[in-house]
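The two complexes that follow have subunit A in common; it is paired with subunit B in the first and with subunit C in the second.
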Partner chain A sequence: MLRYLCKRVLSTIPVLFLVSIVVFSMIHLTPGSPARSMLGPEATEEQVAALEEVMGLNDPLPVQYVNWISDLLHGDFGVSVSGNEPVLSMIVSHMGPTISVTVFALIIDLLIALPLGILAARKKGAAADQLVSVVSLFGVSLPDFLLGLLLMLLFAVHLGWFPSSGYVPLSDGFLAHIRSIALPSIALGFTYSALMMRMTKTAMYDALHKDYIKFAKAKGVHASGIVMIHALKNASVKLLTIVGQAVVGMLSGAAVIETLFVIPGVGQLIVLSISRRDYEVIQAIVLLVAVINVAIMLLVDILYGLIDPRIQIE
Partner chain B sequence: MTSTSEKDLYLLQKQMLQEQRRIKLRRLGRNRVAVIGTLIVLVMAVIAIAAPLIATHDPYAFAVADRLQPPSAQHLFGTDSMGQDVFSRVIYGTRTSMIVGLCVSVSAGVIGTLLGLYASTSKVLDHVLMRLCDGLKAIPSILFAICLMTMLGPDIKNVILSLAITSIPNMARIARSEALVVREQTYVEALRSTGATETRILWLHIAPNIISSIIVQMTFVFASSIIQEAALSFLGAGLPAGAPSWGNILSDGKNSIYNAWWLIVYPGIFTMLSVLGFNLFGDGLRDFFDPTKV
Partner chain C sequence: MEEQVILDVKNLSTTFHTERGDYQAVSGVSFQVHRGEILGVVGESGCGKSVTSQSILRLYDERREACYSGEVLLEGRDLLSIPIKEMQRLRGSEISMIFQDALSTLNPVLTIGYQLREPMRIHEKLSRKEADLNAVELLRLVGIPEPEQRMHQYPHELSGGMRQRVMIAIALACRPKLLIADEPTTALDVTIQAQIMALLLSLNRQLHMGVILITHDLAVVAETCSRAVVMYLGQVVEEAPVEELFRHPLHPYTQGLIASVPHLDDPGKEQLHVIPGTVPFLEDIPTGCRFAPRCPYATDQCRREMPQLQEAGSQRVRCWHIRSEGGV
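And now, the complex of A and B:
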């Protein structure tokens, strides 16, 4: 297990290095100076040159990269251009709502996808299976922000059951908190449940047709026992990947959903930073999400090894 | 004597080919879902091409006196907050979405295939290209696109560029893994033993065999580009404000959500239908190219 763990952890280093190169070059190799895009078209050449000097943009690119990386490794994400606030503390202060929405969306996602996917796998070809196919097809074709808009139109504007926008922190009461994040979470959760449903269906179907399931049946294990204990554990290896992808997808989808529902999370921060042309913040958030992505994939890999020890040897 | 039997053979071959084609078409026709998808795709294409003929108004002309009018005979889908005709803007928005989808899927398809094919030829190149793809893939595509758009500025060309860059890694991966499978086939070995050059094998014998997977993937890239373009424009990081795009209309609809449902429902239906159409079309194509996987 230790060898497997070390191998997996070490394999993330080149990916992280490449991610940092990509994010860095995205800002520095695109035409136009970041200083110019931050100051806007009205700024004079002298102002742009002065800002470039302050930001160290006149150094050779490799020097800039090394400076940036060593700052990052020392926990210095830079200072936001507009707020004059350290980028890291800005991100941390916006983290709460994003985590809340993501967790709630993931719960909704699993609540929809797992039962329906398992049902469809057990009764392949039946009405339930076809229903699942149709629902998942619509889920895949309905972008999360569009679903969010439609939910807002129906449940907030016309029926008035939920607030149309705004965020109530958990400290102001659990119910009010849930009400404020219900629609965005449903919008995000439903979109990813479509994919999860399909995967649950195929993974469970494969697992249910293995020989050891036949054996369990012959031994007289109750049907629900077979599904919940024997088959689900085997299918869960495949499902974990999708859960990991869903979490990353929800974190990045937060940019659109949080802007739509005016939730002060990391997603809204990145969109606000676009209009402010605050590239330090954008760079940091993109890097952070990419690192979380790599970390989640690593975690999924490690869990694989724990759930299915055969994988460790391969 | 020989000439008649040759003629017979030729006729027989022609008959067989016709028969094969008929079977293929019948199989396609029986796949009802694929037919629906194809129809939606065709309708969207016609709308995009014939937009000036279908639109009832100039999509840019605004009349402030007519702002936020509900749907009527004059304005089929109502008007937006600038008094622009929503029907005409949705129709021109179809053109925008189709242009973005087509350009992104074709450029990602071509570049991805090139990268994937050449990655399959050498171990070193494979390692470099695939690690680069890993790095690109680690960054969620919508964030990547938002980031690029901030640097490049709102413009349809930049939207296409950003979305193409985010779609290439997946395409290259698929092309590479397919090419690696084909490369191991006996006929490729036979070709090599007869002295065929690497380039010849790559382009005349491997490329035609992976093209169907690439085409299927291209339809899915088309569908996701429609979503991404709408999302980018919705955020104000896509097409310039005022340009007819479903995302821009939806963004206006969000601001007038208490007064004008038609600004959300109509472009919403178009977005969903077109994405659904391309997904179904892609599923249908996959079944058509590889009936064993059904």
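And now, the complex of A and C:
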């Protein structure tokens, strides 16, 4: 187990290195001086030159890269140009809402996808299966922002059950918090549940037709034990991949939903930073998303090994 | 002395529902299994022997996959007419089944211990501790060294022979009255095959349970079974005590099967006997005797009308030639 873990952790290093190169290059790939684009057209040449000096833009590229990386590794993500606030604390303060929405969306995703996917696998070809196919096709073809708008129109504007926008932190009460993130989470979760449902159906259908299921039946295991233990544990290896992808997709794809529902999350921060040309913040967020991505994939790999002991050997 | 009949299969038929229509894979199969006896069920691939055994346990989904007719009496109780919940209670406790390939039959993501405890916890409502103790005993019974350690291992960590033993231990966990063994040695090396057969024989004697041994290997039947049923295309074509069957096979198909076994002590014969043709698909089952297209003795009557199983001494055989000529 330890060797498997070490191998997996080591294999993330090249990925992170490549990502850091790409993120670092962002600032240099945009046309014109980054200092000029940050300061805007009214700034004088002296001001631009001064900022370039402060940012270290006159050093050779490798030196700049090493400085940048060593700052990052020391937890120094720079200071936001427009906010005059450390980038790290800006991101941290925006993390809460994004995590809340993602977790809630994932719960909704799984609550929809797992039961329906399992049902469709058990009754392949029957009415329930057809219904699940229609629902999942609907989910795949409906973009999350459109679903978000429709939900907002129905449940916030017409029925008034949920607020149409805004965010209430968890510290202000659990119910109020849930109400504020319900609609964005449903919009996000439903879109991902379509893919998850399809995967659950295929994975469970495969598992349910294996010999070990026949043997479990011959042992007298009840239908619930067959589905929930014998088949689901085998299918969950395939499902984990999709859950991992969904979490990454929700975290990084929350920008649209967060903007739509005015939720002060990381997605909203990145949209704002792009419009302000706040490179330090953009770089930090892109890097952060990449690191989270790698971390989640690593976690998924470790869980694979825990669920299916055969994987550690390969 | 005749032992008590534990399983009496009467006129069992299994029809599968497929997209291209309904096919009867087993038609009107009848046989009995006595306590403590090993009954061989022999036939080529596709003759319906596995379907028969899985129909006894009603393993096919009756709402979607298949429908059964006839009777399967376990100590007088018809398994085909009891509710499925009741059937679930009998599976693994009164009747157990083992399969060909233990690697695919054991669940790859559950420990040996879990899979061994499961039937005891379901049927005998044992606590985890009690089930653990019994499980270790069972592993010892089937000849697995260091059973305590095996409990925490996964199927892929064991050798093929060990896995087969584990599967047998799981099937025997609740001391069933009847064990159905569906080609239990086909996927194994020859030496391991002999070990597993010896194990099955000794367990059969120790536990005094009935065994249905499904196989295409006539040598295995000759060594282990007291009686055998020969199946062809979903029907029983001959049933006889094993000695009779080998000494004086009545059905042309049985004769062909026995003649196809190579003999070391018969060096003069250079070519193996082959039964011409192949088992037809279920959609083009012959109208008369099902073996007629491949039978060297087939007559017009054979091709027109289906013969019935009839007594011929201690044997039963499904062939027109028996009545007319007293055997072919």
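Quick notes
As a convention for this text, the second predicted complex is superposed on the first by the 313 of 314 C-alpha atoms of A that agree within 3 Å, B and C clash if a C-alpha of one lies under 4 Å from a C-alpha of the other, contacts with A are read in each partner's own complex, and residues count from 1 in each chain.
Note that a residue touches a chain if its C-beta (ideal position, glycine included) is under 8 Å from a C-beta of that chain, and two chains touch if they have at least 3 such contacts.
Remember, predicted model here, so these are calculated numbers, not experimental data.
Subunit B and subunit C, once both complexes are superposed via subunit A, fit side by side. After overlaying the two complexes on the shared chain, residue contacts for A:251 are found with subunit B alone; subunit C is out of touch. Once chain A of one complex is fitted onto chain A of the other, the partner contacts of A:140 are limited to subunit B, with no touch recorded for subunit C.
In the superposed pair of complexes, A:310 makes contact with subunit C only, with no contact to subunit B. By the touch criterion defined above, A:79 lies against neither subunit B nor subunit C after alignment on the C-alpha atoms of chain A.
Applying the stated contact rule after C-alpha superposition, one finds that A:170 touches neither subunit B nor subunit C. Put subunit B and subunit C next to each other and count what each touches on subunit A; the higher total goes to B. Look at A:21: by the touch rule set out above, it reaches subunit B but stays clear of subunit C. For the overlaid pair of complexes, the smallest distance between C-alpha atoms of subunit B and those of subunit C rounds to 15 Å. In the superposition on chain A, no residue of subunit A contacts both subunit B and subunit C. Against subunit A, the residues of subunit C that register as touching in their complex are 54, 57, 59, 64, 88-93, 96-97, 99, 101, 104-110, 118-119, 122-123, 154, 156-157, 167, 170-171. The touching residues of subunit B, when paired with subunit A in their complex, are 131-132, 134-136, 138-144, 146-152, 223, 227, 230-231, 234-237, 250, 253-254, 257-258, 261, 264-265, 268, 271-272, 275-276, 279-280.
In the complex of the two chains, the subunit A residues touching subunit B come out as 14-15, 17-19, 21-23, 26-27, 30-32, 34, 37, 137-138, 140-143, 145-146, 149-150, 152-153, 157, 164, 248-249, 251-253, 255-256, 259-260, 270-271, 273-275, 277, 279, 282-283, 285-286, 289-290, 293-294.
Of all the residues in subunit A, the ones that touch subunit C in their complex are 123, 125-126, 210-212, 214-222, 225, 229-230, 233-234, 237, 307-310, 313.
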